[in-house]
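Each of the next two complexes has chain A plus one more chain, namely chain B in the first and chain C in the second.
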Partner chain A sequence: MLRRMRAALALFVMLFAAVNALSGDSVNTLVIYDQRVTDLENYTKFFKSLKESSYDKSSNQREYRVQFAAVNNGDAELLQLYRNDDKLYDNLIIFPLKTRQISKEISTAKLLEFYKDGGDILAVTSPEGLVEPVRLFLNELGIYPSPKNAVLKNFNEDGPSSKHQISIANSVNKYVYDGTEELNLEYDGSSALLDNGEYIVEILRAPRESVCKNTNSKEEDWSVGSQGHLIAGFQSLTNARTTWVGSSSFFDDEHYSANGAFIEELTKWAFSEKSVIRSVGATHNHASGASYEEIPYKIKDEVVYEIGLSIWDGKKWAPFSADDVQFELRLVDPYYRLTLSPGRVTEDTQYYTTGTFKLPDHHGMFTFLTEYKRSGLSFVTESDTRAIRHLANDEYPRSYEITNSWVYLTAIGSVIISFILFVVFFIASSKNIPVDSVKKQQ
Partner chain B sequence: MAKKQSTGSNVNTSKFVQFSESLGTAYSSYLKNVKSNNQLLLIDSFLAFLVVLGITQFLFVVLIRDNFPFNAFLSGFIMCVGQFVLLVSLRLQLISPFPGISKQRAFGEFIIASLLLHFIGIHFVN
Partner chain C sequence: MRQSTLLALESFQTILKALIFVAIFGVAISTRLFSVIRFESIIHEFDPWFNFRATKYLVSHSFYEFLNWFDDRTWYPLGRVTGGTLYPGLMTTSGAIWHILRKIGLPIDIRNICVLLAPAFSGFTAWATYEFTKELKDSSAGLLAAAFMAIAPGYISRSVAGSYDNEAIAITLLMVTFMFWIKAQKTGSVLHSTLAALFYFYMVSAWGGYVFITNLIPLHVFILILMGRYQSKLYTAYTTWYAIGTLASMQIPFVGFLPIRSNDHMAALGVFGLIQIVALGDYIKSQVSSERFRVVMMISLALIISVGISGLFLLTYMGYIAPWTGRFYSLWDTNYAKIHIPIIASVSEHQPPAWPSFFFDNQFLIWLFPAGVFLLFLELKDEHVFVLAYSVLCSYFAGVMIRLMLTLTPIICVTGAIAISKLFDIYMDFSVLLPSKPVNEIKPIETKDDVKESAALSEEDDDYEADLALDYEPSSKARWFDVAAKAIVSSTFLVYLFIFVYHCTYVTSNFYSSPSVVMPSQNPDGSVALIDDFREAYYWLRMNTAEDAKVAAWWDYGYQIGGMADRTTLVDNNTWNNTHIAIVGKAMSSPEEKAYEILKAHDVDYVLVVFGGALGYSGDDLNKFLWMVRISEGIWPEEVKERNFFTDKGEYRVDSQATKTMKDSLMYKLSYHDFPSIYPNGVGQDRTRNQKITVNDVGPLDYFEEVFTSEIWLVRIYKLKSPDALGRDHGEAATFDRTLQSGVKKRVVKKPTLELRV
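What follows is the complex of A and B.
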């Protein structure tokens, strides 16, 4: 009962979160920028696309609200992410900042808290604008942007020119950009080194002939060749996403004709508008159709497991198709790891099924688990722990049902029959002897 | 026999002959014993039958290389062994009765013990 209530509560919370994230009335975005570095006039196309492409006016009533806040400009009351512990924004965009701090309210810890609460963050830095709290925040995630004034250059160019034409072949995550269109991106900025953590999403690698260094100092090169990354993401276990881009000019109107298509996909990914999948729930029952509640599982029962997955296509939930969804039946170790095959499809859900399989010959508390974690896609975890009981003592087959044992049964039978015959003969023969002996005595 | 012994130059051969001679003596004395007592003959043939039965079951397990209904095998095999032991103890008492226990009482005890053995065996085979 308690478990069911808890499951219902979890479902409710999940639904609430999904509704909150995707089909709420409005999506609030805070843009923090520094007037000394960034002139918003140069980014009209980017913000326009952010407002327009993120939702479809005809089918979705969602409103995309963008709030701008400049540091060092008396916008201090705007520069906060929480009011009375309520999260004010869904998304946060930080442009390069030259200041020492963002504001009193927004520290590294506050950024982390915002991120943990499910806020998506797009952090744009540039060689001249990398503010300390943002750098520390990114370092926490395992993204290490190059220090101030280090610029991505071509290794055999001595001049200050640092513009790069980057082929879309350097884009490494198909869930962020699927690579259908051939693009030549124009990039001018810094690079970052990445941790090898599991939740890092590599998005755009630095070209092989590039090097990131500070020309004015004798520091070591920050990154060499494709070791560096120009755009990187991080997706937490709560499916919140952080995206880092090492160039602000990447977004401006001048380069928008080259970068626009990529930027639109990138911002959709960054703000959880694409590559978002969800599970509509996993079910399992006997192959006969009886549920666990009706007939608890026992060892070697035939069981079917099914999970439904949907993907958000920007307007509605659609069936999600993949061929690498796996199911595990675990008791400490996985006893089964089955690749699920696509089953029935509904309007918005693709169901995956194991087909019938036999529970192992081992009783205990087993977990029916699907963990679908792919870099770039939101994570799906469905787990359900159930008891698998052993056979009751009247559920084993009788010995005469097993042909092998007929040999032993025959042996037992013949021992008993020959015992009876023996007793009969023994008594028959012993009757003579006493008579004889009596006669002899007489 | 005597001729063979005299011609045998080998010590081994003479030992073998001695052994077979003693075996022959034992066998003939056994035959004499049994002939005088039909009950002993009956017991011994039953004993031989039990040995054959037990060996057959064991060979079956070895040949099919699977002891799957192990309880059935155990019960079949132990039934043979148990019946063998009970019969041997009955035979001992028939030849030389224990003090204070008559042959009739020994036979009665044998029957009760055997019935108990069969009961347990049948239940164990399930």
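What follows is the complex of A and C.
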């Protein structure tokens, strides 16, 4: 029995290693496209940028192993995200699809599963191509792209033109694009409405004078002005990212000279190459340096809490600096909420510390919690629940240490002394045996 | 000659007495072992599991650590200052026994010590009852009382093997304290009252019921003073007992300053003050002895009492003295708890008993009880007053709370034994058959006659029997009638006694020996089957969940989860925090999404419910559900409403006619999740409530997933789903998944109605 289990375990380890090797260094990416809408020849610059970075020379070469799969073209074999429950790809890029379904294997549920599993998704739609599973998937995230045939227009201009020059001022998330370079993006496509979800990352807003509507029908406008979004992202609790872009021409070679720098930053964000932070761990201990294991906490102890954060700069982990990292000490409700101040720095980590603070005068199971969730950055949560005990019976001050009690101590002492004196005097002063006791003896 | 006969009789009596005691000990212990034989050496019920856990902590840690134990595995996230909120007497007793046995080379598993502690102590209870009764009447009554005490079901119910509860040793200590008190009160001996105080201290350390002693002894003294029976002996006994006992009791952390701050203890303090004044008055009286004294006495007494009572009210009003506790009020008004503190009313042992249970627990002693009290009333010595006060108080209390039957049982045994022994004194006295000798010829044995050897003794015995034969006088008819009457009466009572023993054994073996952790049931062929679902479930938790997993369950199961599964619980049987219990109650009575929110806020990982519908087990959570609703309604009357759980007709239904609130509640869903589908046609038969549950009645469970259901569906454990990675509500996500599966597609894309993004 044991041997069989061991054999199974060995097999499992080998399998695991094989899977790891497969997805090892290079990043497996599946690109799904529709030949009727997308001609891959127009996107050479974009796909080249996935292999090698053309703008940011400082960062290392990107090594995306890109797999193309066209719908409705006998690529059914390739159109799957899982084989035997193993995730085949790290990233998924979906270009506009005109079909009803992506494939038998890739349904809305599969997309959700892939995303929950940590796969990053870049979904590109356009007024011509918005496939149902992708739409439903995006709707679940709270991104509502405009329906087919609805086009973003400038309401000051009449005519069929739907091309927009978009100022970089519309880029709202500095963790996606930091705005160091003034760009004028060229955009032609649809817009999306966003709901109030916490995990949605606004990336590019529609211009103020834009309107998105289907000119052929009398439905109400999908979005008006900066209410609409041209590019939106979503980061799940597992730190997987989904990015939606409402235009496929945004990526093509023709516009690459205008959009290239932005696209590169965008894909870096979308595929978790940037704005990824991690915690190297949070620690807390007595101000004296003794750990919880050595001396469990009791109420009003002085303790120090520290957390180290690093950010991935494309090659290695580097110290992450911020001034809004907060720490909470919770027992259902927070008892403390402290903004952490930067402490020591190592080669790859910036440590943040609370400094010495006093535990509350309340015993219970307290959670030492740091929850750093900023839109655009990956989420960091460190929590540790520890007991804070009450004072032991001999940890209170002694009665004689409390000046108020001296009154009572004096009273007790004087009663005892006067009783002893009374007894002594009573015995000494009574020369005769009391009458009662004589009676009793008889 | 006669003296030597008496000496022989005396030593024979001693041997006989010793033999009887050995037999009583044997019976007391062996009758309590039914549970071990029927089931196994296991800790019973609920509270004992906590005591057991605490004992294990004590033997694995130092006493100092035990005393300052902060328990972070209960009452999450508040924790419990366990060392300061328990009565440590029981644990220290078994801890001490464990250490002593190890010292003498008998290492015994602590569990077995805990299981067998109650039977062992019951023997001592019998002995203490003997000594107590002996002080009231004589040693023959004492022996009877001891025998009754050994087998009375009212006491056995709390002291079978495995019933490792505070009461297991507390009743022993109660009787020992009373015994020493009676002796002290009789003799005025400082030694005896010190012993009474020491055992009182032990009692305080063992059981919250010590308040009963705290009030009964002062009551005794007070009545004696009112009866004008004040003596300096009484003064010595009471003041010694009170001073030492109170100071000692304040050393227990849980009691602390209660003896001078709580109203429950004020009677003892008041009587302590009163007796000083009475003593002073007595002294003055002996010095002055005039008519005026009476007037002065009456006025000062009235003044003192009025000042005392108004002072008490004032101090209570100003908050220096804690007002009466809820449990105390519920002793006077049985409806008080139901209205104001549902948590107390929800405990079955706090309910008033049904009348037959008095007979069930005491059998024929229950009708000898008034007879015994009456007989004592005729005599009315000082110590008899004590028994009278005890009887009257306890009869009332036992009538209010079934749990207090336990304190009534000893006095029933004592008075019943006195009645029977009085009866036997007369009707078992067949000395008319002996040669008539004046009784006053018999004199106490004197030591100088101690020359007889054992050989001589047997000769004497022969003579004695010969005397019997010689002096036999058959002639008198009256004497025959007398003998016949006595024989009939005494044999009747012997039959009663026999039936009593039979009844006690029957009740003990069939009703009081079930551990309630394991339940007996019958197979179709009549053989005994054990339902072991509880342990199965707890063991599952122990083996399959993270060590720091938090389990939410109704408080009844808190101690068992802590003891058997070793997992952190939110609430347990200690019920010290009503609000925290109400939180669990609220979660159980709320719709799923709200419950999920509440439970998540308290870091709960698993929810455990007990469901008896498949088996027909009536003590399940759905039957306790209304208490959960009531308790949480007490805290959040706006959010939880008991009325919404009843149908329009006011019925408590769980089938298709159940209200929406009922069907949406978490408890309902967790209980019936997938239940109907195991039956053919999807119509489940709830055998506890005798109602039919169909598939349509039970809504989908979106926020929880079933992880374990025990063999007969008695215990069901659910895991809270971890938050949705996409930040969606679990309900929405599940609805979305269901629409995907059903394949319904909407062709037309409509603009969503969204709130403004902020």
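Everything that follows uses one rule, which is that the second predicted complex is superposed on the first by the 367 of 442 C-alpha atoms of A that agree within 3 Å, B and C clash if a C-alpha of one lies under 4 Å from a C-alpha of the other, contacts with A are read in each partner's own complex, and residues count from 1 in each chain.
What we mean here is this: contacts are C-beta pairs under 8 Å (C-beta built on N, C-alpha and C of every residue); 3 or more make two chains touch, one makes a residue touch a chain.
Keep in mind that this is a model prediction, so the values were computed, not measured.
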For A:W222 in the superposed arrangement: first (chain B), second (chain C), both or neither?
second
Now for A:Y408: first (chain B), second (chain C), both, or neither, which partner does it touch?
first
Which holds for A:S430: it touches chain B only (first), chain C only (second), both, or neither?
first
Looking at the overlay, what does A:F422 touch: chain B (first), chain C (second), both, or neither?
first
Should A:N196 be classified as contacting the first partner (chain B), the second (chain C), both, or neither?
second
Comparison of chain B and chain C by chain A residues contacted
C
Chain C - residues contacting chain A, complex
64, 67-68, 70, 72, 76-79, 81, 84, 253, 548, 601-603, 723-728, 733, 736-737, 740, 745, 749, 751-752, 754-755, 757-758
Could you please specify the touching residues of chain B with respect to chain A in the complex?
38-39, 42-43, 46, 49-50, 53, 56-57, 60, 64, 66, 68-69, 71-73, 75-77, 79-80, 83, 107, 111, 114, 118, 121-122, 125-126
Considering the complex alone, what residue numbers of chain A touch chain C?
107-109, 112, 115-116, 132, 135-136, 139-141, 144, 147, 193-199, 202, 219-220, 222, 234, 236-238, 240, 331-332, 363-367, 385, 387, 389-390, 392-393
Residues of chain A defined as touching chain B within the complex:
396, 398-399, 402, 404-405, 407-409, 411-412, 414-416, 418-419, 422-423, 425-426, 429-430, 433
